[in-house]
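So, here's a batch of structures to check.
Look at the two complexes coming up: chain A is in both, with chain B in one and chain C in the other.
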Partner chain A sequence: MDVVIWSRIQFAMTAAYHWLFVPLTLGLALVMAVMETLYVVKKDEFWKKTAQFWIKLFAINFAVGIATGIILEFEFGTNWSNYSWFVGDMFGAPLAIEGILAFFMEATFFAVMFFGWDKVSKRFHLASTWLTGIGATVSAYWILVANGWMQNPVGTTFNPDTVRSEMASAAAFWEVVTNPVAVSKFFHSVTSGWVTGGVFVVGVSAWYLLKGREKKFALRSILIGGIVGLVGSAAVMISGDASGVHAAEFQPMKLAAAEGLEEGGKGAAFTIVPGVKVPHMLSLLATHDWNGYVPGINDILRGYTDNEGRVIPSVADKMAMGRTALDALETYRGSEDPAVKAEALALLNANVQYMGYGHLEKPEDVIPPVGVVFWAFRLMVGLGMLLALVLLLCVWFAWKGKLENCRWLLWTALWCIPLVYICGQAGWVVAEVGRQPWTIQGLLPVNVAISSLSAAAVKTTFFIFLAVFALFLIIEIRILLRAIRKGPEVEPGNA
Partner chain B sequence: MGRRQPFFWTLYRDGFRNMTWGRPLVWLILLKIIILFGILRVFFFKPAMSGLTDEQKSERVGRHLTQKDTLTLNL
Partner chain C sequence: MTYEFLQQYWWCLVALLGGLLVALMFVQGANGHLGNRVLNESQKRMILNSTGRKWEFTFTTLVTFGGAFFASFPLFYSTSFGGAYWVWILLLLSFVFQAVAYEFQNKKGNLLGVKGFRVALMVNGVLAPFLVGTAVGTFFTGSDFTVNKLAITDPSSPVISSWGNGWHGLEALGNYHAVLLGAALAFLAIILGALYILNNVEDAGIEAQMRRCIKKAIGPFLLSFLMWTIILMLRSGFAVSPEQVIYMEPFKYWHNLLAMPGVLVMLLAGVVLLLCSLYLGGFTASRKGIWFAMPGTVLVVMAVFFLAGFNGTAYYPSCTDLQSSLTLQNSSSSQFTLTVMFWVSLLIPFVLAYIVYAWRAMDRKSITREEIETTEHKY
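And now, the complex of A and B:
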């Protein structure tokens, strides 16, 4: 395997590892904030102890997850230095805002939430708990603004003098911040975190019921966690619909790969599994039109006319325009003659949106690994629906007072904890494998984004990370399991 | 009578002093930060273009960007 593959595997592993901690942080933050609100409103010590227990698990997850995202930034500088330089402020600005926000909000309010039970008023503590969760959510927004820009690079101007993407104005910054891909990705990711938090709370509580322990605590937690998870599930479906529409508009190849759609057309059918199709459903999901046109892989290679009547060039034509852009860039940078530079700049600007295509060897290079994306999508959707069903049943039986005797459901809820993580990871596989070969859609393919490193160097750090990550994960699971086995008997104010 | 200490100082100080189950987490975070910044960053993750001026970085990336024939995709 070459350096590109090893760098991608390493980045994928680091991002996947980071995403083990983030969704639980986002989801548990909401669950514990709701529980503490009940404590403040009802003035019932039971809710205080309940909230304290889930805050304890939140803190363990937070402690192990903290700084795992920084490793991605190490990799940007070392393995993806061409990319890091090329993206310039487009990527740096959102990440800087995220870093500052995360540091100040989380360092301040997390400390009050964690240490301040007997030192600040109930309301101030409650506000701190909510703000810890809001801080994590706002942080997620800025990360997803950066990621969304890679999937749909809006608001950018390529500067051939610096070879960087730049935000030319405040309007461009606003365009980046409100990028529709970033917005739908944010809601999809955060609400999937609510599902993760809900499933985790319901699963852990189910274990207590299976053991015949902490019945009141477990049943109340299942109601709160289950409702948070169900609200999250509904929001995931709505935001997933928006993500589908955006993929159809901005990344049609990703959608075609997720559907395994070789030849598209009007009134396209949705494939549930190979051989089982729902007529017109793909058109409805992708365009909100029963007979909307959805291009397949071959249509994209050949070129097509979209639903707005825009003519989308073939990949071969885009490659030709990309090569023109790269030649113009080379001429511009190599010449001192103002007239030659001006002509080259005009040619570059006319073709810059296809610049990345100039690096491709053949049109088929734009096709991502279809099998991986197709099955990851089905895994995500299938598990998402299963999780929503299990949450619904748990809430219903808990509400009716019959959950304790429903052991099969309690076992299912417990086993849903690993499933919710697989579901979330599958979602990222769809998003990130589905956009290959691009690091920045249409502008920069992965093989150009990479640094000049040896595969052996990346391989070495990959295995070091693997060992370190595995060690920390084992430590986290052991500390979490010990805290869960001990149960919710947390003394007030005792951290 | 001594001066009253700032709220956040006492919050952190007393919080860390009175920790029970949270103590291993703090050690875990410190260990992780040492591994990340003291070992991985120093020995394995040096920025590939550190030490170059912005002009040299532009030159290097520009050259890499226009070498369109020497690159292959392996998806």
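And now, the complex of A and C:
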């Protein structure tokens, strides 16, 4: 395998691993902040102990999240050299804002939250707990502004003198910051974190109930965790719907792959599983129009007319225009003659939106791995609905005071913990595998985004990271399990 | 705001973050002391818990330093990170282990045991300042790379920045001038760590040890730093003409120092502050040395960055192809992006203010044996 494949595998592994820790950070932060607020408002030591227990688990999880976040940042440079030059100018502002506004907030107030119980006032401590979670959430926003731009590169223009995408005006910056793909991705990712946090709290508490331990603690935690998870589930569905519409608009190939849709059309049917279809459903979901046109994979290859009447060229034509753009860039940079330069520049600007296609070898290169995206999408949606149902039942039975005796539901809630992680990972597979071969949609395919390294070097670091990640994951799970077994110790004699 | 002003402003901020990063490496230096055989287990736990409440600042500053470099001078990021691959990967790994070591080491079921994670902390303690120092050292010696922006139109080898050898950065370890700066930083970190512990931990045994360590480290630190500085003043540097042509100029960095008296003052002031801290830490009973050493370190590191980048100098030079060298002009983000980031950067004092506020609230009391034995919230 070549360096492009190894670089992709390494980055995918790091990102997927990072996403094991981030959603729990986002979700648990909200759960424990709510609990500590109850402590400060009600002045009941029970809530303090309860919050402290979840904060302890949060801290174990937080460390690995931080450790893997920096790996992603470094890998942009180490493994995606061309990419980091190409996007550096656009990433600059969001990254600066993230670093200054969010990172330090998270790190500073995490330290106060973890060590400060006996050192700072109750209210300062409560504020620190909230600010840790807010810092993590704000950080997620700016990261997803960058990611959203890669899926839908708005607000920038290609500068042939510097050979990169650049922002040129406040309006452009605003377009980048309010990129609809970034906004829906932010809500979708953060609220899926709430679901993760909710399912985790409910699942762990269910285990205590199964063991007949920590009853008050477990039931109260299930109510709060469950409600946070349910609010998250509702928001995930709304933002997921927006994500679908955006995919149809900006990344039709991703949508076609997620549906396994070879031939599209008006009033397209939604495939639940192969062989089971709901008529018109896909058009409704993707365009919010019963008879909206949804292009299939072959339509995109051949070229089509979209719902606004725009003619979308075939991939072969886009490739030809892309090559024209690249040739014009070469002429522009190679010539000193102003007339030649001006002509090359005009040609470049006329074709620049398809520049990335000029790097492709054949039209079929634009098709992502359909099977992977198709099944990942079904896994994500199916599990998401199951998790929402389980959360709803847990909250309902806990509210009615019948949850303790409902052992099947407690077992189900416990088993939902691995499922919520699979669900989140599947979501990112849809988002990131679905946009292959592009690092930046239409502008920069993966094979041009890399660093000039040997495959052997990247392979070596891949296996080093694999070993480190596996080690940390095993340690993390062992430590978490021990902390859970030990319990919150809020009810002496009950443990 | 002119483009030139913004490029220089951002170089100042990168320099400031670099200075803060090195100053905050007292965490690394302090962890280096965990290998001290005279200290007993409870003393080591006190040191660990003391740095354990600060490591995130160092780590976050590293992330922000990387982010600021990426954002303001992306060509450096793509050229150096993608080229000097092994140096950055090693640095990364050492920090990754450090990040989990605090949380994991005293927990049962951690597989590597207390010892394993302590070793990871000590390795990070020595390796991180050494590698950062050596990497900054190459700002003056040059590296083996080429930059060709037209490469992106060539499907067979599209990468703009390519490294000239298979060592991918490790070759800097064979460059004595760069290594001298790495060594100086490693010794400085040990001193900063000892000064920090003196200030933050209350224990007579630890105090005696730390003062002894400072005395031992003074010689090697001053020697390596002085030798590096003298060689720097004598060597030819990578100058940039007003037409952006890069050429070798004898005594370039000496000329820079003379042309920028402000930088000379910064360097001297920094050195004086560092010497004061060494005196306070090694030869008096004062616990306040760290308050001289940290600003001193920031000033010296900033002066070093200014020597590398200002007064028509290529800050990340290529010895393979002079014209590929990176300058503030040819490697920065666009004027608009730098402007947006300029406005954002005005929030930095506010961020510093709340960090100081939180830090003071947490540090009202020094760490004592009783606290470590009684509190639940510890590493």
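List of remarks:
Basically, the second predicted complex is superposed on the first by the 487 of 495 C-alpha atoms of A that agree within 3 Å, B and C clash if a C-alpha of one lies under 4 Å from a C-alpha of the other, contacts with A are read in each partner's own complex, and residues count from 1 in each chain.
The criterion applied here is as follows: contacts are C-beta pairs under 8 Å (C-beta built on N, C-alpha and C of every residue); 3 or more make two chains touch, one makes a residue touch a chain.
Remember, it's a predicted structure, so these values are computed and weren't measured experimentally.
Because the two structures share chain A, they can be overlaid on it, and in that overlay chain B clashes with chain C. Look at A:Pro437: by the touch rule set out above, it reaches chain B but stays clear of chain C. Within the superposed three-chain model, A:Pro369 lies in touch with chain B and out of touch with chain C [touch as defined at top]. By the touch criterion stated above, A:Gly133 is placed in contact with neither chain B nor chain C. Of the two partner chains placed by the overlay, only chain C lies in contact with A:Gly99; chain B stays clear of it. Number of chain A residues touched is higher for C, counting chain B against chain C.
Of the two partner chains placed around the shared chain by superposition, chain B and chain C are both touched by A:Glu330.
Of the two partner chains placed by superposition, only chain B is touched by A:Val4; chain C is not.
Once the two complexes are laid over each other on the shared chain, residue contacts for A:Ala63 go to chain B and to chain C alike. Superposing on chain A, the segment of chain C with clashing C-alpha atoms against chain B, chosen from 27-35, 63-71, 99-107 or 279-287, turns out to be 99-107. In the superposition on chain A, chain A positions 59-60, 63-64, 66-67, 70-71, 74, 77-79, 81-82, 85-86, 108, 111-112, 114-116, 119, 162-164, 326-327, 329-330, 333, 359, 447-448, 451-453, 461, 464, 468, 472, 475, 479, 483 are in contact with chain B in one complex as well as with chain C in the other. Those residues of chain B that touch chain A in the complex are listed here as 8, 10-12, 14-15, 18-22, 24-26, 28-29, 32-33, 35-36, 40-41, 44-50, 54, 57-58, 61-62, 64-66, 68, 71-75. Within the complex, the chain A residues that touch chain B are 1-2, 4-5, 56, 59-60, 63-64, 66-67, 70-71, 74-75, 77-79, 81-82, 85-86, 108, 111-112, 114-116, 119, 160-164, 323, 326-327, 329-330, 333, 358-361, 365, 367-369, 436-437, 445-448, 451-453, 460-461, 464, 468, 472, 475, 479, 483, 493-495. Chain contact summary for the complex, chain A toward chain C: residues 59-60, 62-64, 66-71, 73-74, 76-93, 95-101, 103-112, 114-120, 124, 128, 159, 162-164, 166-169, 172-173, 326-327, 329-330, 333-334, 359, 447-448, 450-454, 457, 461, 464, 468, 471-472, 474-475, 478-479, 481-483. Residue ranges on chain C touching chain A, taken from their complex, read 53-54, 56-57, 59-60, 62-64, 66-68, 70-72, 74-75, 77-83, 85-86, 88-89, 92-93, 95-97, 99-100, 102-104, 107-112, 149-150, 152-153, 155, 157-163, 166, 168, 333-334, 336-338, 340-341, 344-345, 347-348, 351, 354-355, 358-359, 361-362, 364-365, 375, 377-378.
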